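Think of it as A, B, C, D and E in the order they're written, each chain with its own count starting at 1.
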């Protein structure tokens, strides 16, 4: 079991990880997902002390590895690591890459090491390339060798840092299927990945990282089907969000419509849908503009879920409580038009604002 | 219009492109897809003579660019190119990258070039980074700068060689949406890509390359929804294929079952489905084994369509013409079991072989 | 102590002040600077030429150049100097300083050829292709894309080469050209005081080294300033 | 023509055969080889040491080393030789050849420090991390991963350094050690035959250069052979 | 340190000499069993002696006078070879001046100017050499090209204040040139350069006189012919003064 207590890490003044505490059970397969730059690599590298945490403790089993004077090399033997950029020893052949550490660290005899190595190379399906140099391999082949090299040290846990990100799409599968094999054999893995399907199928637990920590964690179905928190939702559903806030007294309708159209085009919505959305916005805004008094503000949020192709519009304003669509001041035709274009319209009052949620 | 006539290219003894003839209309958006190493890059690089074709002619409009003594630099101005690895000039800032060629080749004044450049940078949404060095940008940002640099030369056609393959998945969108913008503005593009969805939505025509040429071409819906030829089907449907041929007199049932199981596990089928498939194979093989005579052979093909998750089993044998499942020699229980597990079973006689197609 | 200081005073007087010997050293210093500067300039040109030829697609040309620069590197500089003075240019009336500069420049150029070549090799091929696809001629790409980066890559080794060249120029003593080293030798042979002028020589060479290091650094900085200017415009 | 051949015959006789003068040259050749070899060996060790210290995390240590090697590079070799012989080791009975080797080695070592440092810098940091995560100690990683690659990177420049060192050893004339250059000078002063011994020196230096180039290449090849062996086993 | 040098105990002694000079040649040929250390410059030898890298420096007598005068820490320990005849080297390719020189020197040795020259050379042991300016009287278009060393009192040196050549040999050669009406062209050269220029006939003669004991060896090479004797010089060994 790996226990992490109050782990913090910053680069210079830049706080990356803040006070993370989490336990990882033996045999668990953890998928770490999250936006770029959120600290996934930093987190996983702290685990085997490739980065020195600023504070906090890490326990592997009962032993604290962050204690001073701990034999870091012995710790690292238990924690294999596979990098995005393979990091094979470029001057050594595939076989030499795999036998080097077993011979030098575990002090295996050469015969023993070669025998083991060939077994692992067989397992990742690349034994026939044993005498090639890394430069003669494709990316997928390199990564499989890196995995074999890692396995040859019999680690208890393997840390993967985006093992397929540097690969041509056609080579991703061969690497993922090797990782699946490992997982099936019962090895603990911690995998940073952008392959959501893979994470969903393979992981026993998913960590979504954001805001300098583990923002949300749970089983794959929790995270992927029922994400609870805002940022997780945006990330998981590949929500493309538009938001704009405007002072009613200074509003420029055409600028708003331009922004909305651009947003729609950017995410490749078709003409009809783009028209729908801009029309809805136009109707809503023009109706409210008529009622301009002093410092009313309106806000427009658009959300496009790329996964299920659903779209959502949200309007907020700080008018007095009122469901505009039922107000006599709102043009009747406009209401009809908006209702015709949407699947559902919901009104609620929230934080002193009128909130309208429209689903397309 | 770009016309290609009998284009061939080899590296050493290794023939890569064989006798390709094709026309590309003005305003067309061509997506080139195909397995890794099939020569997509080589093809696109031949178009602007980054690779010298061995034989054949290329016409841009009426002019033959493969003719001797042609001014290659003038040709290349018309053909922009965006590379997988960005290839920004690493010693120059973003702005300098964009203005260099216009100033030196088109002889624009510096003010003019800067004005244009800022416009294009604005268009790709990166004008605020004009004074950064490439090393200070993310991959997606770099690629957008590369596109702006290319646009600044006012090319008639832009060639993209896997513009998003080197990018983090989180950055792919920003680049694709810029390309979409270009396409929408009416520019001709030839795009090598592994992003099938993008190709489907954006291209006016798709070339599937294989077997040293353009193996199949057509509209996106032709290629992606109704691929005609075998290899295209395998590629488009991400078919994962297993095939094994066995001599009945030497058959090792357990070895076959092991191979089949491994195949299923490799592509991450679940336990139930794996069991189904192995059972079907087992029943079929055991029933035929009973009838071993002299040099009968059987072959097993499995096909797993990752796109729609459908699975297909095909058996072939060189017995005398006979639909085994209706033969009295075939165990009745086995037939029931196989039919129970499958959606449909078809029998036909083909090339002197009995062929069974089972859909799961 | 007083003795020691008096000794130094005497030594300084005899070596530098008496008969205006410091003038001799200053002239020598000037000659060393001149030789170094000219040699390095010419050497850089020769190195660039060699490098250009070495990059030629014609394998005869490139092999010849490799062969030549290897020869020049392997022949001791003194031998090169002799060959230049007494074999190749024996019948001309070119003055010895020019000859020496030429011989040193050939040697320096051979080293610089190596330095440039490997610097150019490290420039990303992709950037060259990108330049070509933008319609630049191969020379333009070389000048605008490859060269600036190659220069940046090569600068540290190139700097060291300047120091090596400077020290190598002391071989002109062979042609009785009074550079810094020879000037100090001549003074020594008059005063029979071997120390002071050695110290002066050492200090002078260190000085030149430091100044050239500084100049290189300034050159670097200036480029940055330029860039900032350009952006702010 | 016959005259010319007779001239060469005479020249060879007088410069080489008469009074067994070739022995003198051979001894000088041997001394040059010895000096070069020892200097280069010691210089490599010093360079490695400097490089190690320069890579030290303690910035005082690394800065001191950078400062020192810059000093050694900037001081002319002759000045270093003088400082070593007459200042640092003035009162010891170390023989001049050893002293000369030491002075040259310090100089060569400073250059080799630069060479090694930049070679090590070019080794992919990722491979070092990979080595560490496999449980290798940092020294193991250095020895097994960094060094072999650094050596490969540095080899071409390192080879050139051997040639430079070899030529620099001719400065031992200052300490009246009879190396190749000096031997040929003695013979020339006896016969006043200006060319032959220069030719001989040149040829000898070229020969050493070529042989050392060959040795380096063989060393390279041997490694390859080893690898092939290992795989076939 | 150690015993005073005598002609009998020279075996195994380390003696410094200028490479290629008469001292080098003569001591190499003499059977003293010396280890000869060959240097390029007097200052190098001086340092070597000062730090006991060598036991003694070999010099020609007139150089030794000046040397010991300027640097009082050294003294002449021993005359290793006495009264050796010195002449000038002429290039064999251009020996047109040689017979004329031999004739000239026979007459010149009898003149008061020659005796005065020798006196002033002797006197240079105690005070700087008293040069006498000899005007070069040119009446023909003949040119005598002479390779010369700078910085070698009292033989040849450039006076730093006037920039003119001075020294005993300079005076003598100018007298010779005047006897022919030829123009003297003195060219400053390094020793190594002289070997080449003289050996290949780029200059007529070398200004520094050498021992005639070299003559046979040099003339066998075919590039050099030596003149008749001009001076008599001793070869002496110089040691640190505090030594016995």
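Throughout what follows, contacts are C-beta pairs under 8 Å (C-beta built on N, C-alpha and C of every residue); 3 or more make two chains touch, one makes a residue touch a chain.
Quantities reported herein were computed from a predicted structural model and do not represent experimental measurements.
Engineer: Tell me, which chains sit next to both chain A and chain E?
Structural biologist: D
Engineer: Quickly list, by label, the chains bordering both chain A and chain C.
Structural biologist: B, D
Engineer: Looking only at C-beta pairs in contact, point me to the busier pair out of D-E and C-E.
Structural biologist: D-E
Engineer: What chain lies farthest away from chain B once each centre is taken as the mean of the Cα atoms?
Structural biologist: The chain lying farthest from chain B is E.
Engineer: For chain B and chain D, let me know how many angstrom lie between their CA-based centres, rounded off.
Structural biologist: 56
Engineer: Centroid from C-alpha atoms only, then distance chain B to chain E, rounded to Å. What do you get?
Structural biologist: Here chain B and chain E have centroids separated by 89 Å.
Engineer: Two or more other chains in contact with one residue: find those residues in chain B.
Structural biologist: none
Engineer: Give me the residues of chain D that touch two or more other chains.
Structural biologist: In chain D, 82, 194 touch at least two other chains.
Engineer: Among the residues of chain E, which ones contact at least 2 other chains?
Structural biologist: 44, 47, 192, 196, 200
Engineer: Please give all chain pairs that are in touch with each other.
Structural biologist: All chain pairs meeting the touch criterion are A-B, A-D, B-C, C-D, C-E, D-E.
Engineer: Considering the complex alone, what residue numbers of chain A touch chain B?
Structural biologist: Contact set of chain A toward chain B: 35-36, 138, 165, 168-171, 177, 180-181, 184, 194, 201, 265-268.
Engineer: Across the complex, what residues on chain E touch chain D?
Structural biologist: 16, 19-20, 24-25, 37-40, 44, 47-48, 50-51, 53-54, 89, 191-192, 195-200, 214, 217-218, 220-224
Engineer: In their complex, what parts of chain A are in touch with chain D?
Structural biologist: 48, 50, 73-74, 76-77, 79-81, 83, 85-91, 93, 95-96, 100-101, 104-105, 130-131, 146, 149-150, 153
Engineer: What residues of chain C sit close enough to touch chain D in their complex?
Structural biologist: 70-71, 73-79, 82-83, 86, 111, 114, 118, 156-157, 160, 163-164, 167, 170, 181, 198, 201-202, 205-206, 209-210
Engineer: What residues of chain D sit close enough to touch chain A in their complex?
Structural biologist: Interface residues on the chain D side: 124, 126-127, 129-137, 140, 144-145, 148-149, 152, 227, 230-231.
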